[in-house]
Each structure stands twice: as C-alpha cells, then as structure tokens.
Amino acid sequence: GSKIAFFGALTGGNAQLGINIRDGAKLAVDQYNKANADCKVELVEKDSAGDPAQASGLATSVVQDAKILGVVGPAFSGESKVANPIMSKEGVVIITPSATNPALADQGDKTFHRALGNDASQGPGLALYMKDVMKVQKTFVVDDASEYGKGLADQVKKTLGSVVTANAVVKEQQTDFGALVTQINSSGADSIFWGGYYREAAPFLKQYRDAGGKAKFVAGDGVKDQAFVDGAGAANAEGAILTCPCVPPEKAGGTFAADYKAAVGRDAGTYSAEAFDAANILLAGIKAGNSTREKLETFVDGYTGQGVTTSFKFQENGEIDPSAVAIWAYKVAGGKIVADQEAPKS
Amino acid sequence: MNFEFLGDNFMSLTVTGLTQGAIYALVALGYTLVYGVLRLINFAHSEVFMIGTFVTTIVWAGLGFGVGASAPGTFGVLGLIALAVVAAGAASGGTALIVERVAYRPLRKRNAPSLIFLISAIGASVALFELVGAITDRQPRGMPSLVQPKVQFTIFGADVTNLQIGIILSALAMLAGLDIFINRTRLGRGVRAVAQNPDVAALMGVNKDRVIMLIFVLGGMMAGAASVLYDVKVGITTYSVGFLIGIKAFTAAVLGGIGNLRGALLGGLLLGVVENYGAGVFGNEWMDVVAFVMLVVVLLFRPTGLLGESLGRARA
Amino acid sequence: MSERNNLLEVDNVTIRFGGVTALDGVDFSVKEGEILGLIGPNGAGKTTCFNAVTGVVKPTSGAIRFRGKTLVGQQRHKITRLGIARTFQNIRLFPEMTALENVQVGADARHKTSVVGALFRTWRVPVKPHELVEVDAKSGFGRAVQQVRRTGQRIFGLSRHTLEERAAKEKATELLKLVGIEHRAGELARSLAYGEQRRLEIARALATEPGLLCLDEPAAGFNPAEKESLLELIRKIRDTGVTVLLIEHDMRLVMGVTDRIVVLEFGKKIAEGTPAEVRENPAVIAAYLGVPTDAA
Amino acid sequence: MMAVLDSARKADEGRVRAVTGLRDRWANLPYGWRISVLFAFIIFLYALPGLEIPLISTPDTDFTSVLFLCAVYVLVAVGLNVVIGLAGLLDLGYIGFYAVGAYTVAILGSPNSPVVIQFPWVVCVPIAIAVTMVSGVILGWPTLRLRGDYLAIVTLGFGEIIRVFALNSDITNGNRGITGVPVPSEGTWPEWMDWFPGITAGRPIFSVSNVIGFYWLALTLVFICMLGVRRLERSRVGRSWLAIREDEDAAEVMGVPTFKYKLWAFAIGAALGGLSGALFFSKQTFINAQGFDLFTSILWVAAVVIGGAGNQLGVALGAILLAYLPERFREFADYRLLIFGVALIVMTIFRPQGLLPSRRRKVELEDRAKEGAVGE
Amino acid sequence: MLLELDNVTVSYGRIEALHGISLTVGEGEIVALIGANGAGKSTTMRAISGLRPVGQGKIHFDGQDITKMRADLRVIRGVSQSPEGRGIFPGMTVRENLEMGAYTRRVRAEVDEDLQRAFDLFPRLKEREKQAGGTLSGGEQQMLAVGRALMSRPKLLLLDEPSMGLAPMLIQQIFDIIVEINQQGTTVLLVEQNAQQALSRAHRAYVLETGRIVKEGSGNDLLTDPAVKDAYLGVA
C-alpha cells in the first residue's frame, strides 16, 4: 500500500510537541487501517528533533521513498521552511497541523497546506488579549531567534506597540538565564512575552520566579504543553497565559478526545486533534484511489469537509479560510493547562 | 548597544557576574590541574561536572525533595546542600578517576603524544555525555527551589542575596584550601615537580601515578562542588550542561594562565563579570562572543594568560 | 690581523633580567675570518650574549651590528639569512625529524621556493639531459606515463622547487659527512647520542651558509679524543671562510683553536687578547682558570 | 582485564605488521603497476554510486548522499590536516572557516538572502575561498604568536564567535537561516550519460533528490586538493611546517620564517575548509547556524588524528569513517554517539599512531610505545 | 656489593643500546664509567635509576632485586641521580629545586642542614636562591643538579657528567666534592668525559664501547693503559 509520513520532533528538548502530533496522526491511521484491513496505509516517522539543519536530509529521504504520498507536518516552522521546498518540488503533499509561521505560505511551495490558523492571527490575537484582558502596561519580549519564535514575537511587538519596553534573544538549549533575569528585573516590566518553545521557557520561568520575579508570563503555542508546567514547577507556572490557534481538545468534535485517551493513554495534547484531521484528509484521498502524489495533491486542493477541529477548505496558497480560525487563550491553573477563553480578533 | 543599561546596573551586573564566575573558577581548577601536570586538555571534565549536577538531583529526590518540593528550614537546606556536596564531590571525583584510568592511563603507559590524549579525552567526553543523555532521555531534570534568594545588603544600589554570597564565599574557600595544598605541602610540591619534569620527579622519589590520580580526584571534587552550587543557582540540568560551562571554564583557566590555580580564580571571576557586562551592553545573545573576544585580547597582550603559568614548565 | 674588517660588533650592550644584570656594557668585535673565543665563569653572560646576537633576547641597551647592519630588533630568521648561525647550549634539534631533514631545514634558509612555487611549480629552468626523469617502467601504461613526464620536462624544464630539493639533499649529505655522522643520516634526531646530537647541530647551523657561526659549548660531553677531532672540525670550518665565535670551558680546546679571546665575568668584559695573553692575565686566572691550564 | 587487552593488542599488532608489509610491497611494485592500480581505484571511486555493493551501502539513507558527505569530510580533513598534521597547530574551531565559506556562497548566491545579488555558483565559490583565506589570515595574524594549547582555545573561541554571529546577525538571517543556496549549475544530464545507473537524461545534474552530480564534483575537488597538499608536503614548505611543529624557536633561529609559514598553513587550511562548506551547503540548499557547532569541529579533529595526522590517506580514511559509520548504523540511533565515544577511546589505546600513520609518525610511536615505563 | 648489574640489556624502540652489561659497585667505592659518545653510559645510568626499563638481565641493589621497581621507590631505597641534561624544574626556585631533592625525607632539621651544605658547596646557588631554575645559566644549573642529588642523602649517588658545562675552576672543585662525599660514606658511580680526572679519583673503572663493557680495572691501571690513553685521554 501507500505511505504517509509524520515529520517532526520525536526526540530532543521539544519532543513532547512532536509526540502529541504524531499520536494524533497515528490514531487516524490506525482507525483507517482497522476499517480498511485490505489496503493498509503505513505511517512513516521522520524524527527531526526539531532541528532545521536535519530537515533537508529528512526531506530528501521522504522524496526518495516513492511510496510516501503525503506528509503530516513538518511540525515546526523552522524545519518546514527547509523541508517544504524540497518535498514540494517532488510533489509530496504537505499538510501541516502545527507550523504557524505565516511566511510558509508565501514560499511558492505548491503542495503546502496548513490545517490551522497562522501567527498572523495568533500574534495580534494574543497581543490584544494582553492589552484588553490582562491590561499589561510594560512588556518585556523575549524570542529564541527561531523561525517561529521570532516571527511570533515580531507580530506581538507590532500589535503591542509602545507597551513593549525592551526585548532580548535567548539561545536554543540555553539553561542558565541569570543575565536575562537581571535585565528583566531591572526593566520594571509587569509582563513577559515569550516567543519560543517550552524547552527554554521552562527553565527560564523557574529561574525568574526563584529570583523573585513577579511579572506575568505569556507565550504562544510553542510553550503550550504540560512539559512546560512540569519543567518550570507548578507553582512557578501558575497563572501563565498560553495561546494557541487551536481548539481545546475536549471541545473537538466527535469522539476524538475519548478515542485518543483510549489509544494513547493520556489526554490529547496541543495539535493532536489538528494532526488527526490532517491525516484524515490524506487518508480520505488515498481511500478515494489517489495513488500518486499528483492525484493526491489534486484531491487535497479540492477537498472540503468538516474535521474534528474545524471545517477545511484550502485556499490557493494552502491556508484555510480565516473564518475557520480560532485563537484560544489558556491559563495554567492548579498545575494544569486549562482553556480560558477565545482571544479577541483584530 | 546599551551602555546606559550597563551604567545603571553596573553593580548588580557585577554581583551576578561574580556569582557565575565563581562557578567557572571552580570548574576551571580541574582543567588547570590536569593541564598543568599532563599538558592535556581534559575534555571530559565538563562531563565530570555534569555528572555532579545529576547526582545532586538524585540525592535530593531520594530524600523526597523532587521538583516542586518546598524547601525545609534553613538547617535543612544547609544539610541538603552539604550532603549534595559530599555526594556530588564523590561522584565527580570518582568519574574523573575512572576517566583517568580508562582513557588516559593506558596511553601514558605507552608514551602516546599529546594529540592522542586529546582524542581519547574527546571520546570519554562524548561517551559520558551520551550515556547520561540516553539514560535521561535527553530531557532536562528540575530541582526544588531550595534557597529563596533574600537580599542581605545593598552596595551601590545592587542587591546582594544570600545565595550569591554563599556561592562566592564557598568557591573562594575551596580555592584557598587547594592553593595552600599545592603550594605549601610536600605532596603539592610533588604535583608541581611532576608538572615540570615527570622523569626527574621520579628521580626525586615522587610517585607519578599517585600524583596524577590525586589531581584528577581533586579537580573532580571541585567540579562536583561547583555542580551543587550551579544546581542551587539554576535549578535545572540536562545531559548537555557541561559543554558550555566546560568551555567557559577552560577559557577562564587559559585567561588566568593555565596551570595556575590563582589564575583560574581570577580568570573565572573576570570572565563571569565581563560576559555579564557584555550581555548587558550588546544583548544576551552576544555573551559568548564577548567572552571569547576578551580572551583573545588578553592573550594578545599576555600570551600565557594574566598570571602566567606556574604549575607547568616555564618555557625556556 | 687588525687590517681585517669587523664582521660583528657588540657595542656597549647591557641586558637585565629583573634584578639580574646578565651583561653590563659589553664591547667587543669579531673580525672576518677569525675564531674568537668567549670565555668566563658560569653565569658570566656568555650564552646571553649569543642570545642577543641571534635575536633571542633583546638588549636593554646598546647596539649589535653585523656587516655594518644593526641587528637589534631584527626578526630571528632574518638574522639567520643575514648570515649568522648558532648552536644551543641545551640542544635544540627537531627530534622527530631525521638527521638529514634537520640539516635540510638549515639549507632551506637559502632557498626561495615558497607556497606558490611548491604548489604550481611555475618557475622553470631548462633541463640538462641527465636530470630528466628515467623511463624504467616495463609495462606499457607506466612507461607511457613516464614518457609523458619526460617529454614534459624536456619542453617545460625543471621547476626551481625540484632543483632546490636536490641541492638541499646533496648539501645536507655533505655536511653530515663533514661532522662525521653520515652513517646516521636516516635516524630520527631524538635517537642520536648526546655527542652526535651536538655534531648534528653544527651541521644544521652550517647548512644555513653562515658568515658567522656561533658555537655554544660544542665540546660539552665530548671526551678528549673527540674534542681533538672537534678542534680539527672547527679549523676546517674556518678554512672554508666561516668566521667562528666560540663559547667553551675546555681550555685546551679554546687555547688550541682560537685567534683571540674575550673574557667575561659578572657580565663585564675583564680581558681581551690572544690566547697567550689571556692565559697569563692574573684577573683571568683569579676569576676563571684557577690553576695553570696545562694541569686541567 | 589487562590480559584481554594485551592479547587483543597483540593480535592487532599482527594485523598492523601485515598492513605495513603490504605498504612495503606496494612501494616495491613496478611503477607501471602502481600507476595502473591507482587509476583503477580512482575510476572505482567515481563508479561507486552505480555499483550497489551490498555490504557497504546504507540501508536507511541514500547511499550517494552518504558518499557525498564522505567526500566533503575528506576535503575538510585534507584541509585540517595541513593545519594540525603538518604544521602542528591545534585548530579546534576549524568549522568557523567552513561556515564562512558556506555563508559566503549562500549570501551572495541565494535569492532569499538579505543581500540580493544572486551571483551564480561559479562566481560565489572563488569569492568564498578568498574570503575564508582572508578570514584565516585575520584570525591568524594576531593569534599565531600564541603557543600550542593557547592557540587551541583561541581557535575554539573563533569557531564559536562565527557561530554566534551567524545565529544573531541580520546578514545571515539569524537562526532562521537562508534557503535557496545556489547549486553549481542549473544544467541537466546530457543524453550520453543516461547509461549510468541513477542518471536520467534531462534531469538536473545538481539536485537534492539525486546527488551523483554533487558527489562527482566533490570527488574531483578532493583529488585536486590532495594533489596540491601533497606537493606542498614534499617541499621546503612541508619541511618548514614539520620543523615548526617540532621546535618553533629552533626553527626560527634556523632561518624558517615561522610566522609566515604558520599563516600560510592557516590560510590554506581555511581555504579548503571554506570550499568544503560551500560545497556541502550547495547540496543542502539551506544554511543556518545549527550546522556549525563546536562539537562537529572537535569531531573533525578526532577524525584527523584517528586517521593518522600527517598522512593524507590516513586522514581521508578517518574522515570517511566519521561520515559513514553513523549513517551505516542508523538503527542504533540513540546510542550511535555513545558507541562512537567508546570507539574513540578504544581506538586511541590500540592505535595511538592512527589508522594509517605517516611513516614518520609510525616509527616515532612504535618506539615510544615500546619504551613504555618502568614498574607495574 | 651495593650494586650489581647482571647482563643487562636496554633498548630504545627497536634499537638495542646496551647489549648485556655486567658491573658491580661495592659499598664505599667510587666507580667511573667512561666511553665515547653513544657508548651507552647514560643509558646504563638510566637503567639503574629506573628511567629506562631493562630488557633482559637483573639489577640488584643492596641485596634486593630492583630490576622492575619503579624509579621513585628506588629513591627511597637510596639511589639518587644527577641526570644528563641536568633536569632542573624550570618553574621552581633554586631553593625549591633543592628541597625536591629531599622529597623522600621527613626530618626537617636534617633537610635544612643539607640545604645549608649545598649552599656552602655552591655559593652561587645561595645568591640565586629565589631565581627560577629555568633561567639559570648552564653551569649554574649543573651545580643545582649535583646539589639536588646530594639532598636525598643517598647510599648510591649516580652522577652523569657532573663537570659538563662547568668552568675550569669549578671542575677541580666538583671532583674534590665527589671525593669528600665518598669519604663521608656515599658510594658513587660516575660517568665522565673528563676521563683523566675521573680515573685518577676512582677506585675502579669500566670502559664502555657501543653498549658493551670492554675493559675494567682500577682507576690508576686504566689511566696508564695505552689503549685507554689513546682513545679517551687524548694526545697528552
């Protein structure tokens, strides 16, 4: 039979973000295979560790396996930027359930699709939430210089405007934030926006709170995982606001939340549901007999349907309809990430 | 560039820099001792430090102080720290000794040239680092916040916390002890003799192997102690923490004059402070660049470091 | 002798190391073609004086001139090219290179091929027939390749690199023969005995084609018979037109071979003259010789 | 434990003797034979991608890509060998040059770089080589006066400075990197190459999905560079480097302009490093600072030393192993580097002279090893 | 016999430098070892002090087999060497260098006394007490090496060319010192190129040629032996 691939981090410091997505896609494939025992589809896992530098090699290996018709992923924006052109040139259908950098749609990659909203809506939504709901006065913006982190931070800065007092850049895999903590403390900020992933955010927040820092902590989807709360310590993370262009899994349609829990053994995580939808679109195409990359691509381009998260109809550039996008704000409360409210739209 | 920030926060940057520098200095000692005696960059020393950070978490977690646990009273905290220093010191010292036994001694017995030692050292470093990486699944490990920093006093507008005082003072004390040991005791003199001319040292009756074991253990113990201070300060560790700290500590050792114990202290403190200023002025992301640029500049004017080499042979 | 030119002039040179004054206003000159002895008690400053001449240490004050050119502040390898070579009191060979290669390094001081020349071998010299590559391969392919190379050489000539390589090797072999260790040409310098290493140092120094050769205790570690042959060697070297400046504690050697002697004590010159004059000089006897030399 | 080691070592020494014997026999072969075998071997290397040799091909990665990686690493090792093996300068930050070369091509050639010049590859590469050479000189000028391990740490710092700069500066597009690094040529395979397995006429010669073109280009560059370095090695220049490695002061006093030659070694090494970087990232099409961590740099040093510093074939072998083994054994993914680390230790203990030491090193090390120490 | 070498071979890598040397040194003797460059004199000394491993043969010292003993343990047994090339610790001061000589000794007062003695023997060293060993002149280093070897109060003192690099006046002195030490009870094995001096002070002597002992006898006998005279004493 045919194969579809998952492309994203399964190891490394941000692995949990990738694992949630993989499990969502896997659930879809397993359900499909159970229903179509005669014509199974294999899910190939390409572990990028979230590292764009590895993406080019992995993309090449996807391309070279002619059985792989489509990809769920790449999970992160950085790796997408590298891998998409390579895969798209060879016609591999790409549906990302999570990479949110807006520029990905403008690279001219014909087979690119995004099953969720991007940071051009998340950023402003998030910033409005900070201004209107949280009423922040002085924000210190931190980013990790990644495609995603910097992109989101730039969006946020644009909307926050003069509320931003200072900004700083952290390194990937940095664990010691002594200098940054000093800077934030002396800047007198009442809130911090973190553009990056949880790998760095968790130790930072711990050290910041240990050093007596009181500012509110806000971050995007890259931080929205239980691993963040555990890493920072529940007490330190308490009250942190995390946004995401994704619906809370428990609000997902159908029996998804229950199925997932039964299959994987834990609650669905960030983007599990989006991945489930993305995989299902590809599977639907395969089921309809589209056994080559070109055919599948035509199928996906013309696809319309309702997933568990939202309704899908891809535009020319691969984005879904803006009206189908929802930005949610979540809050860390009692050591858990719970949905707070939908963020205001600009 | 943000000199205003530097001006406004000069003292507080200095204090945080010194704290960081004290840890560098303790780790630098291990490099300096081994380098002084064997002319070998002990790449695996960064992993010796890393092991210490993990042993600390294991000991604490074993006693019921896992991530998120609340700190016991002052004496409890001091007890936990003391226990960790003993355990991490032993583990790091032991690791250093094993590295010496497995990776270096066979080469010494065969008179291998120094470049080969370097490779073996890299091998040991990679092996340890990957081993811990595999065991911990490459996930970071958190610790309880044992010491809530409390401001003890303020100098020139900079708050100095109990944690900072503790770290700097304990580092200074350990360094002073080691310095006295090397410069004032007979065994210490033996160490210097082996450093300068191993063959002739044997002719004086110095047991070379014992001296070498000793320096590895001492360096390892200092790294172990440093790892506890690091844990208390940073509160999280991963299998890769050693790499950057190791490079910084080695830089500190060279800055002060490698093979020179007081140089390691001076180099460590200076490095910590200057890179902190640098981070303030140019931004965090340029911190390492500031550190290395300073190293190059210092070496240009003092090619053997600030205080010169002392354990090692003065070059004729 | 006085009509000869001064080859080297040491002019009021003072050298201090912290508190120690190793040389204190020393003045002397070496004349073209002579063998000048430099003697004095231990720590008198003789080696320091060599170091100053060869640019290893910088004088605190004073001037040193070689063929009228000032040496102070010159780079060390330039001093060698100007024509001063030396040996070291504590032997400094290239231990992991063969004896022959050690000497070749010295010979290279007079060669010109550098990176570009060695890489592209553009500088060509017409070739004489006997210098061509030999065609000795039997099988067709190898023979063809060799023939192509030969024709190439005939048309384009040989590179300066090739010629210099050959010359360096020849010169090195010759010099090893001169100092009497040609049978150890292929050994690593490290594995030679102390005395052989000393000879190798002399050969290496000579390979730089010096006008002035500075020998720092060349006879240390030699037995009297060997010293005898060293004495011959130094004379031979002088006869090839090389001026020699010699530090030595063995009086028989010094008295036997030098034309003039300069005596240092505590960094100051205390005497200068022919061997006979110096030997009788009471200051020298008191400071250095102790007993009449024939008893030593 | 020691006994086991000893017997293993004995067996290994037997093997070494056999190899050494082979080398002597090789030297005694008639010229024609040697030349012929050499040519045959070279042709074999070019043909490798089409041969599908069972045991050595890589199951999990495209074999030609692995070959290309090997060739690039060999190029790196040849350059690093000039610095470490010949001149004896320990350069731990060699990757900095690799980065400079790669970034020069990316910035000048990519349509997505902040500098919109878009020179073609053939123009970019010579510029990249020149820029790296200059950067070698800029680094070397102030620092080559430093001794041994001081130089090591300064070069390490240099490598790190380059990386951090790439990570944070605008011209390199920061961590986000530059996509669309140009390929050597946009040409397509001609009809007459169609017979070679894996080549389809009309497809681009240089593309990520079929790397044969890149591999052949890299292999050709490897041969050219090895030949050049060999010429240097066997000349006055090579001898001066050796002398510097042995005793810098004595060399200077013997008339070797040590500074100049060290600078040359640095510049040549840098140029080769820059070329390798340019080559590798042309294939990769994407460049960001991730590719330039110090760890890789240090591994390269390991490859050179393990292979046998000073001997070109040796360092090439070391580089090939470093590039090839991790790809061959992808199954062990998580333990790959652990095994690698242990292997490094074991290898140094068994073969302190490297896999294929230079003749000189071999004698030197055998002697030293035999001398050993008294006692125990 | 205090020291006994029985058919000892020593190799450097593949090259054998000593092809089976047998010699003895009795308690209280001065024994000289002479020979041309490369004969193997220094190698013999290194084998005795433990710097070079012995291939075949045995070395006995003070009734004990020390063939495989580590060098530092031999020092404790009472063997002390002033090595060829001096072996000064360059970064230690003159005083520290001397104190290193007494590394194995514990009685502080005795050490101080010996330190005084060394300074008395070589006043130059006293002047330079605080100077780093590496910056001394060649001759000064030689004095330091000999002085240091004496500091361990050895039973057997191995001197490898102690007169090398010394000014004529000091050469006289150093031989006088050797005799004096010997009279105080230290056994001495002496390698010297200054064969005239060495033979006239030694009780017995051996002549070494390319790794073999070719002659032995009392000092005076060898001094008058025509072959020795010819080869090692130079034309008188």
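We just call them A, B, C, D and E in the order they show up, numbering each chain from 1.
The criterion applied here is as follows: a residue touches a chain if its C-beta (ideal position, glycine included) is under 8 Å from a C-beta of that chain, and two chains touch if they have at least 3 such contacts.
For each chain, UniProt lists the protein as follows: B, D = Branched-chain amino acid transport system permease protein; C, E = Branched-chain amino acid transport system ATP-binding protein.
In this text the structure is predicted, and so the values were computed from the model without any measurement.
Peer 1: Determine the shortest chain-contact distance, in steps, between subunit A and subunit C.
Peer 2: Minimum step count, subunit A to subunit C: 2.
Peer 1: What is the chain whose Cα centroid lies farthest from the Cα centroid of subunit E?
Peer 2: A
Peer 1: Pick the pair with more C-beta contacts: A-B or C-D?
Peer 2: More C-beta contacts join the chains of C-D.
Peer 1: Taking the mean of the C-alpha atoms as each chain's centre, how many Å separate subunit B from subunit E?
Peer 2: Centres of subunit B and subunit E (C-alpha means) sit 44 Å apart.
Peer 1: Taking each chain's centre as the mean position of its Cα atoms, how many Å separate subunit A from subunit E?
Peer 2: 78
Peer 1: Between subunit B and subunit C, what is the separation of their C-alpha centroids in Å?
Peer 2: 48
Peer 1: Need the CA-centroid distance for the pair subunit B / subunit D, whole Å please.
Peer 2: 32
Peer 1: So which stretches of subunit A touch two or more other chains?
Peer 2: In subunit A, residues 11, 145, 169, 171 touch at least two other chains, as defined above.
Peer 1: Residues touching two or more other chains, restricted to subunit C: which are they?
Peer 2: Residue numbers touching two or more other chains: 90, 191.
Peer 1: On subunit D, where are the residues touching two or more other chains?
Peer 2: Answer for subunit D, listing residues that touch two or more other chains: 167-168, 334, 363-364, 367-368, 371-373, 376.
Peer 1: Which residues of subunit D touch subunit A in their complex?
Peer 2: Where subunit D meets subunit A, its residues are 60-62, 65, 167-168, 174-177, 179-180, 208-209, 284-286, 288, 290-291, 334.
Peer 1: Residue numbers of subunit E touching subunit B in their complex, please.
Peer 2: Listed in rising order, the residues are 49-51, 70-72, 75-76, 80-81, 83, 87-92, 96, 99-101, 103-104, 132, 134-135, 148, 152.
Peer 1: In the complex formed with subunit E, which residues of subunit B make contact?
Peer 2: Counting only subunit B, the residues touching subunit E are 186, 189-190, 192-193, 195-197, 199-208, 309-314, 316.
Peer 1: Going by the contact rule set out above, which residues of subunit C touch subunit D in the complex?
Peer 2: Going by the criterion above, the answer is residues 54-56, 75-77, 80-81, 85-86, 88, 92-97, 101, 104-106, 108-111, 113-115, 118-119, 121, 136-143, 145-146, 161, 164-165, 168, 188, 191, 204-205, 208.
Peer 1: Residue numbers of subunit B touching subunit A in their complex, please.
Peer 2: My answer: residues 5, 8-9, 12-13, 16, 19-20, 67-68, 138-140, 142, 145, 148-149, 233-238, 240-241, 275-276, 279-280, 283-285, 287.
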